[in-house]
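Chain IDs A, B, C and D follow the sequence of writing; residue 1 opens each chain.
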């Protein structure tokens, strides 16, 4: 692997002023194998990164630049897209031409789905670079590590999708899903991004709890695509109720199935074979907790089997494991670094 | 009805210093048909009610008394029990002897289950007054109004049970439950009562989300008993995942079923026939909200049907509709008052 | 008083869709002496009030109308302005012409200051109706009840101003302010109104604490004007640090003075003579609390004297006592109703 | 300095299961110059550290031990006390005898005050090791770096004291304090420790704001002692109103003075000379923010001068800069490490 000999790879971030970009900065600026070359922001171009992200004062002197593909240094090794949905697909062809050898990790939803029709159905517009869809690999490291290692272009999974797949994978593995899996997944307010909106207005959100995009969230098709790819031939329906809760960070997922033939031992065995050697995954008793994974790349999972019910749960930090942390984990794999390089910050209590 | 001619009925509260008791006080002290005779509290006996519930300063001069059954005035028309689980069953026989004509509404779980064995299984101890179980009626006004009117003893439903039954009733009515209904129900911290405990420690709870008593919450059997009584012959399993969220008041319930034969129109018709004439129930679009019912006796419900999925949701205030408000609603029915007497406070925004 | 014989007065609200308007609706729709004629909202004209304020479903069938002065019914007895700063001054002359006998309570800052130059300095624009300033009376009921009774036009005090005046008044009365009073006052997020903005974005606000408009908040001059009017000749400077805290409702004010000659007994006597007969004011031990006044028109105050320090504190609900509740209290006085008519809702615990 | 040549020093924590201990673990387990030898906890002795601090799973295999001075390894280089007030003074003499060459950093209040009488007055009990008081140095690194470097025993400042001293120091330096400084300082709930109590009960705390220990908090005498030592001859009174706010981490301090002779330029110069070369201190415009320092060892300060008022503010994380981070910063100085070694984690947004 050529990169192993390099002291630091050269990395850029397109769309670095939002919450995903802030998390990328927090991780990459301390990553021992990364040299951060550029960070773009249309809104803040010309301003110091630390003036927008005051918590990075003293850590970096970088200045936000305009997102200008033609100005990307040709020795760039990797570009992260932390742009809103619909942006990276307008820039990707130019990027591929400009730096054909660079790797890409796209944190947005633009290149997760293989099928441009499904994209249109869930994202409400035509895909602007459908011919590139096949070149992107859906990078969930724990489940397809080897493919990530060999990928040039990685689509980073959605936050809900990550939490839900971690909860459901062992059930699929144990053939414990039956006809339909019932999923409820609640997210903190940072999942709505950094622009103020009605649903994140503090007086409204601070004591509220509600559902939205019931059974039609845009992360559903990437979850379906993932499980169809991993467990071909299974014909399990997945019903997802996304919810918004009055906390800032975290996604908590609850899934349940009833009346499948798998035993409690089968389920336990599937959880253990899926996760017991994973440094970022903790199988816990009773329930995962959002605070315990907050600020970290870790995933907590738990399950309960009783009578004919199986309940499987997960908790992640939506901005770290559900976005930037996982993106860096993918980067580590793509460049042959230790998978947890730069990602071992443990969180806090309380 | 003899009571209609009375200007005010004479009412007492046993266990009036907790959150349930506070809510009863808030409602009853403004109820035009109620004269509050006594409020007991072991812990605060001798103190002014307003010194414990500072928000009631100027509203009442009542003083907490020791819970002394023998001292209960013989002309008491109704006694509310707002005691922790396991207390009212030790006092009920004495109460029935002391004031045999008085009505009782018990907000605790002691007299909800008809079967003392099920009580033991879920509450972990022997029932101390099993012979009285049959005399209590499970009072969920919207679904069994006439029986409540004629009941002398009412067991007030649990908070989770109330929220869950409101979400599920129309599905049962539409025969849209199939073999199993999947329920997730999240409660605010006030559901844990007024004694500080680890799970309600602010540094722990303020940003957390977790599940507990998965598939084995003590409100499950009263829900089962209710639906078996209302829809005999149905053989539907109900799986409940209780969760605790970082808000103070409210219970939000999500239920889902898959692959039942009921159509979207069937479900809509069932919701409408269940609730459209109910003054306390709002059928809303998209999702109920916790803040909109906070501080009120109202229930919000919503449903979504898509492909073969049916999702049904409800939101209540756990201390009002899930406890004291519903208790007063039962009282209103038992004494022939307008059902919403004293209960029409609308909440606040925000 | 002519109005005493009327069963209900006819009232309208201009700007009824914001948080102040919502609170007015919550109070007036249950007020036994009020008939609500109209509620305007530019943004929501044509929509049912209950569709914007879902918590008012079943309480009112009113529909928001366009703010059209010419369409105001001529028998209107009172108009509330719950508009943003700068709006009522553009409409007031037309209103006075249209309904010259109607009373007005303006919740905005437009008519609080007597001096149009000071208005310009603090609000950053010319006053559009300076000739009407003298006709408005600054209505803080507890301190100038008789004048409010005789006022046709009342400027309702600002939320910070109300909290601060309640904390400082007894100190002024006891001549315990000296050269300078140090004030810190923290508000919940609802004080920023119902439009989402950066400072009320939940991910930003939920765990934050900060100061803003330090020593230059626009409520400062109305506080100065009030104390100069009530205690002429005093030459005390008031320094105010406004802060924003991570809660929704409430303003907590802390003030301190050092080295004045007043004794602890003087201060106590001043608090008692100011408040002990006030039904809406509670003198409490140790500290006021925001939750105890939340949702109510009550004010909690406390003070501590130690060595040469005097600390005086208050807590109010910014939307009730700091806006709509106090506006209705003024209305009650203006029409000879009981001062607490429609305002005796006690709040909740927790 | 002998320690510079050592790869890692040997460190132990007494009282490692509380919030202060958790933060010490989070920092020390990643500190490149520290080998953590032992962590004690009466309550959790025998349990894995990671079972109590789930967020440390995979980071350490340490097991909590009983606090047994006689069992402390003789080659221990440093012992941290993260015990509740009143504990370390009962163990210190034995510790000094057991490991006479070891250094000590005590995070509790036991050895901060030089005067045992003042200790008794503020802590309500006799000091158990008054003869050791003189051997402890009050370690606030930015203001007395050289003394810390030479200290064997360091008393780590209190959380309120740290926040308040950072806000006031430049005012003292500029001789801008006059007769009296007015201080209000609000803390998050984690300041109350990890044991549930009434004041941290979530239903009570989540929306509340109040003051406590007004003018008599036990951190007052250490602040007075500090400024008398740093600025001998000054005779300035400091009045402190401690407050509790509805957030978890952070202390926000507001101080104000009126009518002193210092100019705005004097104040600015004093802030700059105090902090502009400090890597952990940021002078910000308008206001510090709690979220920006949350999880970090950084301090934000700001000041506003207007007319004759000076307002000075600071924000810290009470558990990091107000406790464990500062303790490690002291350790770094005591052993000649880089002062920011292991402390450069930047926080998060949001």
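Note that in this section a contact is a pair of C-beta atoms (placed from the backbone, for glycine too) under 8 Å apart; a residue touches a chain by one contact, two chains touch by 3 or more.
Here the structure is a predicted model, which means the values were calculated and not measured.
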From subunit C, the most remote chain by mean C-alpha position: A
B-C or C-D - the one linked by more C-beta pairs in contact: C-D
Geometric centre distance via CA averages, subunit C-subunit B, whole Å: 37
Rounded Å distance between subunit A and subunit C, as computed from the means of their C-alpha atoms: 47
Inter-chain centre distance, subunit C versus subunit D - centres from mean C-alpha coordinates, in Å: 41
Multi-partner residues of subunit B (each touching 2 or more other chains): 19, 190, 194, 203, 206-207, 246-249, 289, 350
Residues of subunit D touching subunit A in the complex: 19, 22-23, 26, 29-30, 53-59, 190, 194, 207, 248-249, 279, 282, 284, 289, 292-293, 295-296, 344-350
Partner subunit D, residues of subunit B touching it in the complex: 19, 188-190, 192, 194-198, 200-203, 205-207, 246-248
Interfacial residue positions of subunit D with respect to subunit C in the complex: 179-180, 182, 184, 186, 203-204, 206-212, 214-216, 237, 239, 241, 243, 245-250, 252, 254, 256, 258-259, 286-291, 294, 304, 306-309, 311, 313, 315, 350
